[in-house]
Amino acid sequence: MQEFRLEAYLPILLMFIVALGFAAGNILLSQLVGQRKQTRTKLMPYECGKDPVGSARERFSVKFYLIAMIFILFDIEVIFLVPWAVVFKQLAAQGAMMRNLVYVEMMIFVALLLVGYIYVVKKGAFDWGERARREAEAEARALKDMQKGREPSTNARAA
Amino acid sequence: MTELAINFPFALQGAPAPQVQGIDLSWYLALSAVLFTIGVVGVIIKRNVISMFMCIELMLNAVNLTFVAFASYFRDVTGQLFVFIVMTVAAAEAAVGLGIIIAIFRNRESLDVDDANILKL
Amino acid sequence: MNFFAVALQAGTSPDINFPLILPEMIVCGVAVLVMFLDAFMRRSQRWVTGGLSLLGLAAGAAATIWLWTRGAGSLGTFNGMIVLDEIRLSFTLVVIFVSALTVLLSVVWVEGEHLPAGEFHSLLLFATSGMMLMASGGDLVIIFLGLEILSIATYVMCGFRRTDLRSNESSLKYFILGSFSSAFLLYGIALVYGATATVRGSGVVAGTTNIAQIGERVMAGDIMYPALLFAGAAFMLVGFGFKIATAPFHVWTPDVYEGAPTPVTAFMAAGPKAAGFASFLRVFIFGFPFVGAVASASSATNVHDAWLHALAILAIITMSVGNVAAIVQNNVKRMLAYSSIAHAGYALVGFVAAGAATDATQRADALAAVAFYMLTYAVMNLGAFAVVTLIARQNDRRTEVEDYNGIGFRAPALSFTLSIFLLSLLGMPLTAGFIGKVAVFASALNVGSSAPAASSLYTILVVIGVLNTAISAYYYLRLIIVMFFRERTTEWAVPRIPASMALVLVITILGVFYLGLFPGRVLDAFKRKPASGAVTQIAR
Amino acid sequence: MLQDNLLTILILLPTVGALALIGHGLFWKRENDYRWIALLFSVITFALSLLLLTRVGENSDAAFRFEQKTLWIGAIGSYYHLGVDGMSLWLVILTTLLVPVSILSSWNSIKKRALSFYVFMLILESAMIGVFVSLDLLIFYLFFEASLVPMFFMIGIWGGERRIYAATKFFIYTAVGSLLMLVGIIALYYIHQQQAGAGTFDYLTLLDALKSGRVVITESSAFWIFLAFAFAFCIKVPLWPLHTWLPDAHTEAPTAGSVILAGVLLKMGTYGLLRFNLGLMPEMARRFAPYFVVLAIIGIIYGALVAMVQPDVKRLVAYSSVSHMGFVVLGIFSFTEQGMQGALYQMLNHGVSTGALFLLVGMIYDRRHTRQISDFGGLATPMPWFSTFFVIASLSSIGLPFLNGFVGEFLILLGTWLSTGFSYNWVATMIAATGVIWAAVYMLWMLQRVVFGRIRHGENARLSDLNAREVGLLIPLLILMLVMGVYPRPFLSRSRESVVAVQQRVTKSTGAAGSFSVEVQENKQR
């Protein structure tokens, strides 16, 4: 059994501070810098983006799923970073060449992730702009039509 | 507890039963076999694509359990490395699978996930 | 063992040898490049991505040949994760050939269907790198990884015509059953990993996923849990059986092949099947080898017998089911799907021969025969699907047998080339299919002649194979009959043959006759050991 | 140069002709040229094939001439090995003769898709020549199978109403048989490899090894391999009861197709039996001889009886082929010099006579578009030339003395009588001899109803007689019938030594499988 030493947990404390600071900083920054528009939606009570009143069986835009899937993909890549980080010190101890090799390898891995990220951005997966809004509106119309028991109108289908 | 001890064929003759974290290795393997079987049966009998997909995930995770149990017992990394790869692959499959399912729903112009059982897989 | 394990335990440097995976790196790199380009080009430019893909594949092939003739030096093998032998290299070349032809096949098609060319080509290249890894993996990790890279890319390619429900459905079915079978394979791997542990003194030596090591331990009877080994081998058999579409694990094939876009079907029938065979062969023949006289009395030695007999039975069922079911099909793609099942069965005959071979020459001959069979099948199958693509037109509309009614003399060039491919698939002499079948059947009879005790099994296998060939005449001829011996009553415009498509047809026709008339060079090449530094097993 | 590569040239020339035709078709598209080009190439091939006679002279020994041997597939150990001896010589020449004749016969009748027709015809010629001259089993198999495809297309595209059925049946029947033969061929390869070190497909090497006893095929292997080969060849012959594809194929094929089918393709079967079954597995041949004789005799009688009741002239001729080929098989399995020589001779006879009959039926069909016997009658009046040829060809087919059929059938029956290979050979001879009588019955009865009598259908009276082209293409066949009937020596003396070699091999060999012991009588007639 090793002796308990508090200073060994210093990095964790640092991690806490950075995480807290990042979150707090973001909220603060948006409060200070961001412009504010008081719309009806925004003044609603916050319910994870859903209408607080009405049917619970409401459909999300497909965009949410897309983001979720992309998140999973990039998230899971991290598990390759962890074992690398664990053994890096030992490998690096074997000399400069080995250290560089192992380092470059991980950089290539990260670069590949970056390529994937750029691809996703360029393909418009994160595009919440005009086009996406139009699509969302068309979907909402189609939904409304269906709730009224009608066939979806043709222009909604085309959209 | 002793009455429940099953003599698995892979327990060594005469030797004490191999243990992981104080529990017989056999139990881990039995659990993962059961989970895997549930997954297989689920894929076969379910008619809903999402459920089938979840059953497949169950199978993969049953395999992961086997790997981890062995790796822990052997004090070997290979099994754990395999688990990493399986997890990544499962995530990629999840993304692709959901993408395929969404594509189908769009073409069917149906919002209800249960409509996928028209396919009768 | 693996990279990290060795590095941690022994403190030695990782066993890295980049030239050894040069072909894989090239193809993978080009795939990333194509993907990247595709993201930045406004209108997807098929010639740019297609040309780049072709260049990348050519470079990959060149690297493979370089590995073969010059060797990668004896630096390292990534701790036995990558092997360098003639099986890997020949299958790699087959796979690259298939992909290159698929690029040519799809270049115009992708445009005509208004699909993103860049995405298609990068997926195809990723699939190719997966297949190459499957052929080169010396460790079950690599084989699984390659299989998944391949499968995930192929799931998407199957559903590539997003607006077509048939394509969607094909993709979904392939996805569900593909990942189902992957799970089986994986469970098999896990069980083998556990089973191959051994006892040294009072301690336990960890199990392994390295195929050569598994083979060594099985040979030595040094297996802690023989029962688990059996179960693991059985699960892996099922998993691979799904991938290469052997009956009774073939149920997904017809639906998926029918629904997928025709160029993708062509690719799937030729490429992944070859890659699946490569890793299937490696795992079973080197992982659970013939034990022979060295065998201790342990029951582990019987794994070889068990899988060999199971596979022989699978081969018989596969050939028969494929051919008999193909007879009643009215859709050409579906018919060719069943025919591809049947061809997997023929190749399995060679597989069984390789497994039963008692000496290294026989085994090398049988393995080369299977690789050659895959090559011939790829050539004639891609050719046939090229014609089917042309006749199907946009959206794969005309794929029924009736659509071929009386087109024989309306489009003689197309129809006669299709006939040649069909006759080659049937195994007529002078074509590639004949030599492929002869090579495979001969290897089985060879094994049978030197193992008198069990020789009748191999003779029976071959006779059933031959009778199945006769059955297959019925449906291959049916298409020829429909094209040439019937008259067309409805309007039919002769499809225009784009240059890339014409190139595919010329290559495949020349290939069919070259492999049919002068197969010697290729057969010899497939048997040639890589020049130097060939480290197929790691010494521990 | 020419002489050394003669066989290769003979095989390739028609294929070159086919390629020339395709080239011509691609660039000029002049419909009327196709037949001339095809005729030109086939006539040159025929002329060149006559050069074969220069080295296979009268009374020449059994060795193979014009041999060529180059490695083909090293990995498999297959050689491109060609050669011609007394047995194959005449079959090659028969082939090269019948091809130009059938091209001439389709001069006007093939209008539709003429290019493909002639291309297929020339490719078929290459394959057929290849079958008779190949001395490597794999190459033999290759040509044997390759001859199927063009014939399949010819029946299917230019055939009669039930052409699809007939073509498919033809293809599948023959393919099943030959595929089993392939297994037998590969098995022989490995038997040789096991016992002599290296595997081989080479016929002469195998034959040497077997003769010298270096390689011995065990009885059970020999049993199955013999059956595999025999199955392939008996379907091709066709031996009763495997004959059912033949009437359909013959009837539905276009005239030229029927001529080639009857004239050459059927001979591949009997040639294969003679060359491979008897040569490689003589003990088994002896053991199976009684069964073959029985089947052959059934074929003779059955073919004749069924032919008698056919209402369709072409079908009648087709069934007569079954009967005639039965004679050939009977002769082969008599294992006497006379019988086997007769069988070889009868192969040529059948090619010439039945070929001529099919041509004549084709000519009348071109004019009347029917083949029903009941639609004819009294053709002698409007068509004297036609009737003369028809009568002579029919008589030759019956086996009238001084015509070719007589020589062949007489030798076969004599051989069977002298045969010691099976008991009750005199019974077999007598029953087989009735086949000749039956042949006379059905042929003469058909002649009576078609050629003689009075004209019952008005349109028959206005039929035009044969034109110069038709007469021209029949004349060579007619001359052959007469020459072969009167002066068979040049034919028989060239083939004698080769045939005797096979016969000696069968009657004298005592292998491991010689469980069937026969009192082998030295042939005194030599």
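Things to note:
Each chain carries a letter (A, B, C and D) given by its place in the written order, and its residues are counted from 1.
Here is the rule we use: contacts are C-beta pairs under 8 Å (C-beta built on N, C-alpha and C of every residue); 3 or more make two chains touch, one makes a residue touch a chain.
Remember, predicted model here, so these are calculated numbers, not experimental data.
By number of C-beta pairs in contact, B-C leads over the other of A-C and B-C. Among the chains present, the centre nearest to the common Cα mean is that of C.
As a whole-number value, the distance joining the C-alpha centres of subunit A and subunit D reads 80 Å. In whole angstrom, the spacing between the mean C-alpha positions of subunit A and subunit C is 38.
Taking the mean of the C-alpha atoms as each chain's centre, subunit B and subunit C sit 27 Å apart. Rounded to whole angstrom units, the spacing between the C-alpha centres of subunit C and subunit D is 44.
Residue positions of subunit A with contacts to 2 or more other chains are 83. Residue positions of subunit B with contacts to 2 or more other chains are 81, 92, 99.
The set of subunit D residues touching two or more other chains is empty.
Contacts from subunit C toward subunit D in the complex involve residues 368, 408-409, 412, 423, 428-430, 434-435, 438-439, 441-442, 445-446, 448-450, 459, 462-463, 466-467, 469-470, 473-474, 477, 480-481, 484-486, 518-520, 523-524, 527. Of all the residues in subunit D, the ones that touch subunit C in their complex are 71-76, 113, 116, 138, 141-146, 148-149, 152-153, 156-157, 163-164, 167-168, 171-172, 175-176, 179-180, 182-183, 186-187, 189-191, 193-194. Interface residues of subunit C facing subunit B in the complex, by the touch rule stated above, are 1-2, 4-5, 8, 141, 144-145, 148, 152, 155-156, 159, 162-165, 168-169, 171-173, 175-176, 179-180, 182-183, 186-187, 189-191, 193-195, 197, 199, 204-209, 224-225, 227-228. Residues of subunit C that touch subunit A in their complex: 4, 7-8, 11, 13-14, 16, 32, 35-36, 38-40. Partner subunit B is touched in their complex by these residues of subunit A: 59, 62, 65, 69-70, 72-73, 75-77, 79-80, 83, 143, 146, 152, 157.
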